[in-house]
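Notes follow once the structure below has been shown.
Chains here go by letter, A, B, C and D, matching the order in which they are written, and residues are numbered from 1 within each.
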Amino acid sequence: MFTADLPPITGPDVEYSLIAPILIITAAAVLGTLVEALVPRTRRFGVQAAVAVVGVLAAIGDTIWVYQSLDAVKGGGHSGRGQISTEGALSVDGPGVVTWLLLLVFALLSFLLFAERRLEGGLSAFTGRAADAPGSAGEAEATAARIEHTEVFPLASFALLGMMVFATANDLLTMFVALEVLSLPLYLMCGLARRRRLLSQEAALKYFLLGAFSSVFFLYGVALAYGYAGSFELGRIAVAVSSRTGSDTLLLASIALMAVGLLFKISAVPFHSWTPDVYQGAPTPVTAFMAAGTKTAAFVALLRVFFVAFGGATWDWRPTIWVIAVVTMFLGALVSIAQTDVKRMLAYSSIAHAGFLLVGFAGAYVGTTDRISSVSSVLFYLTVYGIATIGAFAIVTLIRDAGGEATHLSRWAGLGKASPFLAGSFALFMLSFAGIPLTSGFIGKWAVFSAAWSGGYWPLVVIGVLMSAVAAYFYVRVIVLMFFTDPVGDGPTIAVPSVLTTTVIAATAAATVFLGLVPGPMLDLAQHAGTFVR
Amino acid sequence: MILTVMAAVPLLGALAITLMPRGQSSATAVKVVAVAASVLTLVLSLAMMADYDVGRGGYQLTEKHVWIEQFGVHYALGVNGIGVTLILLTTVLTPIVLLAAWDDRLPTSRSVNSYLAWMLVLEGLAIGVFSATDAFLFYVLFEATLVPIYFLIGSYGGPQRTYAAVKFLIYNLVGGLLMLASIVGLYVVTSRQGDATYLIGDLSNLDVSTTTERLLFLGFMAAFAIKAPLWPFHTWLPDAAASSTPSTQVLMVSVIDKIGTFGMLRWCLELFPGASDWASPVVITLAVISIIYGALLAIGQDDLRRLIAFTSVSHFGFIILGIFAFTSTSTAGSTLYMFNHGLSTAALFLVTGIMIARRGSASIQDFGGVQKIAPILSGVLLVAGLSSLSLPGLAPFVSEFMVLAGTFSRSIPAAAVATLGIVLAALYILLMYQRTMTGPLKEGTEGVHDLKPVEVASLAPALVLIVGLGFYPQPLLNVINPAVDEIVSHVGVGDPAPKTPTGLAQQTEGGEH
Amino acid sequence: MLELAWLLVAVPLVSGLGLLVWGKEGDRVGHLIGTAASSFSFIVGLICFFQILGRDEGDRSYSKSLFTWIEAGPFHVDMAYTFDQLSGLFVLLITGVGTLIHVYSIGYMEHDARRRRFFAYLNIFIASMLTLVLASDYLVLFLGWEGVGLASYLLIGFWQHKDSAAAAATKAFVVNRVGDVGMALAIMLMFAQFGTTAISEVNVSVNAASTSTATALGLLLLLGACGKSAQVPLQSWLLDAMEGPTPVSALIHAATMVTAGVYLVVRSNGVFDASEAARNAVIAVGLVTLLAGAWIGCAKDDIKKALAGSTMSQIGYMMLAAGLGPAGYAFAIFHLITHGFFKANLFLGAGSIMHGMDDDVEMRHYGALRAAMPVTFITFLFGYLAIIGFPGFSGFFSKDKIIETAFGHSFWVGLGALVGAGVTGFYMTRMMMMTFFSEKRWKEDVHPHESPKVMTYPLIALGALSLLGGAMMLGGWITDFLEPVVGHAEHEELAIPAWLLSVLITLVVAVGVALSYVLYSREPIAAETPADESVSFFSRAGRHELYGNELNEAVVVRPTRHLTRFLVFLDGKGVDGFVTGLADRLGDASQLLRKPQTGFVRSYALSIFGGSLVVVLALLAARLA
Amino acid sequence: MTEYITLSMILFTIGAVGVLVRRNAIVVFMCVELMLNATNLALVAFSRQHGNLDGQVAAFFVMVVAAAEVVVGLAIIVSIYRTRRTTTVDEASLLKL
């Protein structure tokens, strides 16, 4: 009866087919929550794992389909593929979808690690009841009752959802929400370690406080951008930037503050300090997921914001990025030399790699269809880095002693003789990190350097190679430790993993070699993703 | 195709060995397989010689497949005279080395399988490096060679092995990474001018600004100068040599270090002739310093292995000197020198290796009067030593003199100073021989018994080649000359003409005095 | 036969290498094979020589290229040989004396376990020496040049178990290398200058080149010659070289190898004709060495070293002659050949004496040996007469001619040569006195005896040659014979007639002889060498070889040693220290940079806050800048 | 208009400084919330300036997110409190260097 005087409400038109992968993951996450409530404890773990994995697999399949169905658009002078969807909230374009693919693959590998139960004598790497204080009676009871936190799977799925949205968000508000959606579950997951819970909880606290802190900076940047352009949509902001309406101070401040939030996520200096602590404290599978996934999503978001929204102001932010890249490479590579804990070492190396990624970014080379652009080089680098990282952390879960994982490097001495396969794979990942030819890391370095040089930053390339020499020094020392040093005492015990972890290690190692020998297909993928659609 | 096969055979051999069972029982079988693989490679390399048209010059036996389309990278192989020479060196030395390694005493709990496997891998990679005609491919293989040596030193070397291995790797990695910068630069440059490419054919007539050319050149040169090694980038070599097994020393110094000088010829001169010419004064100076410096330090050494390492520094000085003198004589001399130095150094390292193994010490002071109890050993050492001081009639003399003669016509001071090296060479070799072999027998030296047949068998080929090429180097020179002429003419400095050619005299017979 | 002349080299070379490789089985026949090879070369040499004699003056030079040794770019060297008058004479000298010494060695080395090896080395030496003289390209000549150096090294150090021998061998080789530097540079200069290193072409083209070039070339060649021929300043190795077995001293360090320097100068006559300065340098070197050698010869009590000193001195004569240009070349060669005869004779004689005296070389332990070993005495006497230039003996003619030409060049040079002749008379007489005359000063249980026939026959042969060698001068045959090679020279007239000069020379020699006789017959000779303090400065200086070694030690050896030590230090602390230091600094920096990672969340927050401020300011600055 | 922005900036800075100086995790967290609200103020102000509602909508989003953050944050802090019986952030400094 009121229909007469109400204006007709047109529902938003959502291209469900395009964003289906996101929806699938959402469904998986929600389903997981329901499973938590409905399935009896005994069978819950298996079901949860199955739900998550199946969801991811389905999403992967759908993503591939989506990628093929992306139609080319003429944007900004050269080819991009895809389109803006859901009322401008998401931009499902080439780079975005490729990032989805990466994230889903990383998630799949990480989920397999989550599901590993052989190492802890039939229990997962996560604490039974996070609510119980470490060493308390409740904890013992929980362990005895084989209680497990199966929530990690839905949590991880939500985080994954956040990452995927983050990478494709086409307006700043969506991006902020996605940022939180990916962060909050991770905060929690960091605190769920079964062993060394004090460290784990501390990691969670630090990650949470600092994460919240930095995301506020991002948000304020968003607010300023809105103040500058009067809109949250990247495209609109780009127009405002190029038309130079509004005060520059506002613009620059917003660029800076958003940069802070994003650089924090990719752990670039000086916003890196959380990385070592959190990587070390968090349960290793979570660290793997975080290291690979967060960096990927955040870096693509970074590229999207700066290339699409602030593309007009390139000459303002490039020098700063230049400097940050150098500092990050330098500090990451240098400090890793002094590390004695494998996980911290990997953390610092991930900082160094953030620096190398920034080199490619700083090149800000848009490229042409037949040349390596900044976006494609970064995408490739993220691929090889993520794979190697997950593989490395997977191996870390296997080198154990009485207290759980033996992460102190001295315990790794003589690993080469104890287990050639593990040591060999780890050495392979190290060589890949160091960028030795015939490993994927080399091609990645080549790509980002060429992007930087094409962008006219050849001195950055020279600094980059020198820094990778410094970094190599440490990776080499690890290999020395594993192969040339004789074990101290009884040496480390190498836990026999279930097929899950083995699969992960084998797959990542194989991929590292394959992408080093035949990088063509992946490069093709990264390259034909084209540029961001605005 | 044959090139690929040649590179593949040792690699497959290595694979087979790693799959074979470890431990004493199968050790002999493993060794046999390893030697067989290397011999097969040698045979293949001779077959290659059969296919190779000596007279024609240019790159032959070429193969080319796209590898990484996006970077314009091809899997492209091909050899010219220089490549052929070095491949022959590799294929000849590897069986010798493997035979010599027959009863190396390895550190406890190290399997002979991986030891020999790494060596075969090294051979395969080396062949690839010497025949790559795509800069990217070359770089990849060039860097890849680091890994086998790294493990050979680190796993099987002496007490200092870890330090030496890391030092070796980092040193060479720094050079390699600087080269990577240039490799990337090449991509940027070529892709700006059209399709990105790394094929030497397309790169050799690149038009770039002088500055860019020089920067790119420096990147390449850094890698090669460290690898060669050129003073002052040499300090990794003595350590590496002093803490690795004889076979490793040979493969490292005789074969792999040649990649440095080979690279200067193949890549620096062909890709950046202008920059090479621009840099030649500095390089020549450094080369001359290397010659004298290396020789003097060799005199000052007490460790046989370090001594030989420093002699190599001196010899590499000659090679580099010849290359950057840009005369067809000196350049051909340098190429021949690479081969000869490979042989003579191999002989030296192997025979001293035997001495060290039997005496249990590498210190010259611990030897004395060995000649009396091991005449054949001392004889072999003397011949190897004489070849190292480039005595006429032995192979190295020919190459060394060609280098000097060519350099003399380009720069008299450089040649003059370099020639002083022959006196110092006599000193470091003969003093070493005098202290170890002559005089009354030192106590503790009794254990140094004479060479066994297998050892003679492994050394004989090298010695025969040293003598043979001393009197008749022409077969090799015929292979080398066309390639060298192409390079020299490409650099475009040209041979300096004799000031008063022979013809002139006849007219002005008894002319002005 | 000439086209097979390469057999001259090939046969001894093959036999030498063969003997080395053969091993123990070869011990029984090794010496015979070696001798056979050498004699074969001698025969071939004779045939070839008579073949070129058979030809007419014009084309007595036969050249043949065997194969291309080195060819790269403009650099081309043929493995070729030239058999002409000059090389012909040398071939005969080398193979002839060489064969005799092979025969002699059969006896001399009889009790040495490594005799086969000894003969192998001798053969290699013969081959190399022949390569040297037959070469028609300087680089090939250099090949032989170094070959004889190697043989000399091996033979000096033949008794390697003696440290002194090993050291002497090394010294000889290294000092020679110093000369080789000159040689090598000369060849490079030829290549750069003329685009060829063929001896004939170079010696023609040099006329078209500037005098400075010719001088440089000449001096560099002279440096090489000094090394090989033990001429001042590179003389120091020769006396140590006496560590080698005596036949070696006779063959290599008296008759043949040490004269290679003279050969080189004569062979390069074109170069030296083109440069006055170079010739004068040669004369100076020759004159100084001539006197220095004689001086040393007077002071040494070791019979071999005394003879070595005399060798230096005699080669000084040859150098001097060669420096006199076309006038002197022929006489240089002439004296070279006669010296080859009588000095080999003397050395082998000395060897025979040592053989009888249990290898004692100390002349003060000899005395009155003429009865004990008559053949040795007679032959030694012939050698003695020849070297002092007793009228009628070969040395008389050859030395006479040189002094005469020297006077023709300049009075002072001639005077120097004349004095040298007198001193020669002195020290040779001294040697005779101490060895064969005076009273016996033998150590107990030493029973001097004559050597076996296999040793004495060569002595007799050489003794005869010492006497008759002068015949080559009859009617100035040798000068005419060599003229096509070394060029013609007008014979300039002296102020006084030649016969008078000869008389004068003979008188001077007689004075020297007499002086020596008086000195060593008046009171008995001490059986032990008087202490340095008790003898005159002249004797002391002579004993210390005029302090040549001390000089080298001070000027070359010690500085080099110090430099080496310094560089070793520098390399470790400096060059390598820099790199390792860099690595350490990185480590320190790493430790330093991890300090901020305090673990306090608030400090992290601070770094984020501060960082964001910096970024904001940086961006603003970038815009304003 | 600019007054609002200035105010929000002041609030933001106060919050930030609070994060740096306060030890109690709860308080630190509240300071973060303060910064969030400063942002909200800015958003609303800008929204008014531009005369569109996006900013105000965003403010609501932020509030929701803040609420979610509180949930997670308190969960973590409480669990730490149960272990250590303290909420001083400086106590949690085992992970360092």
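Simple rule for what comes next: contacts are C-beta pairs under 8 Å (C-beta built on N, C-alpha and C of every residue); 3 or more make two chains touch, one makes a residue touch a chain.
Predicted model, so just to flag it, every value in this text is computed and none were measured.
The most central chain, judged by C-alpha centres against the centre of all protein C-alpha atoms, is B.
Ranked by distance of CA centroids from subunit B, the top chain is D. When chain pairs are compared by contacting C-beta pairs, B-C ranks highest. In terms of their C-alpha centroids, the spacing between subunit B and subunit D amounts to 66 Å. Centroids of subunit A and subunit B (each the mean of its C-alpha atoms) stand 46 Å apart. Averaging C-alpha coordinates per chain places the centre of subunit C 97 Å away from that of subunit D.
Taking the mean of the C-alpha atoms as each chain's centre, subunit A and subunit C sit 80 Å apart. Those residues of subunit D in touch with two or more other chains are numbered 16, 19, 28, 89, 92-96.
Along subunit B, residues 170 each make contact with two or more other chains. Counting partner chains per residue, subunit A shows two or more touched chains at residues 205-206, 209, 213, 276-277, 473.
Chains touching one another, given as pairs, are A-B, A-C, A-D, B-C, C-D.
If you check the complex, the residues on subunit C that touch subunit A are 583, 586-587, 589-591, 593-594, 596-597, 599, 601, 603-605, 607-608, 610-612, 614-616, 618-620, 622-623. In the complex of the two chains, the subunit C residues touching subunit D come out as 594-595, 597-602, 605-606, 609. On the subunit B side of its complex with subunit A, the touching residues are 67-71, 109, 139-141, 143-144, 146-147, 150-151, 154-155, 161-162, 165-166, 169-170, 173-174, 177-178, 180-181, 183-185, 187-188, 191, 195-196, 215.
Remark: subunit A residues 205-206, 209-210, 213-214, 217, 248-249, 252-253, 255-257, 259-260, 264, 269-271, 273-274, 276-277, 315-317, 319-320, 323-324, 331, 334-339, 470, 473 touch subunit C in the complex.
If you check the complex, the residues on subunit A that touch subunit B are 370-372, 417, 431, 434-438, 442-443, 445-446, 449-450, 453-454, 458, 461-462, 464-466, 468-469, 472-473, 476-477, 480, 483-485, 519-520, 523-524, 527.
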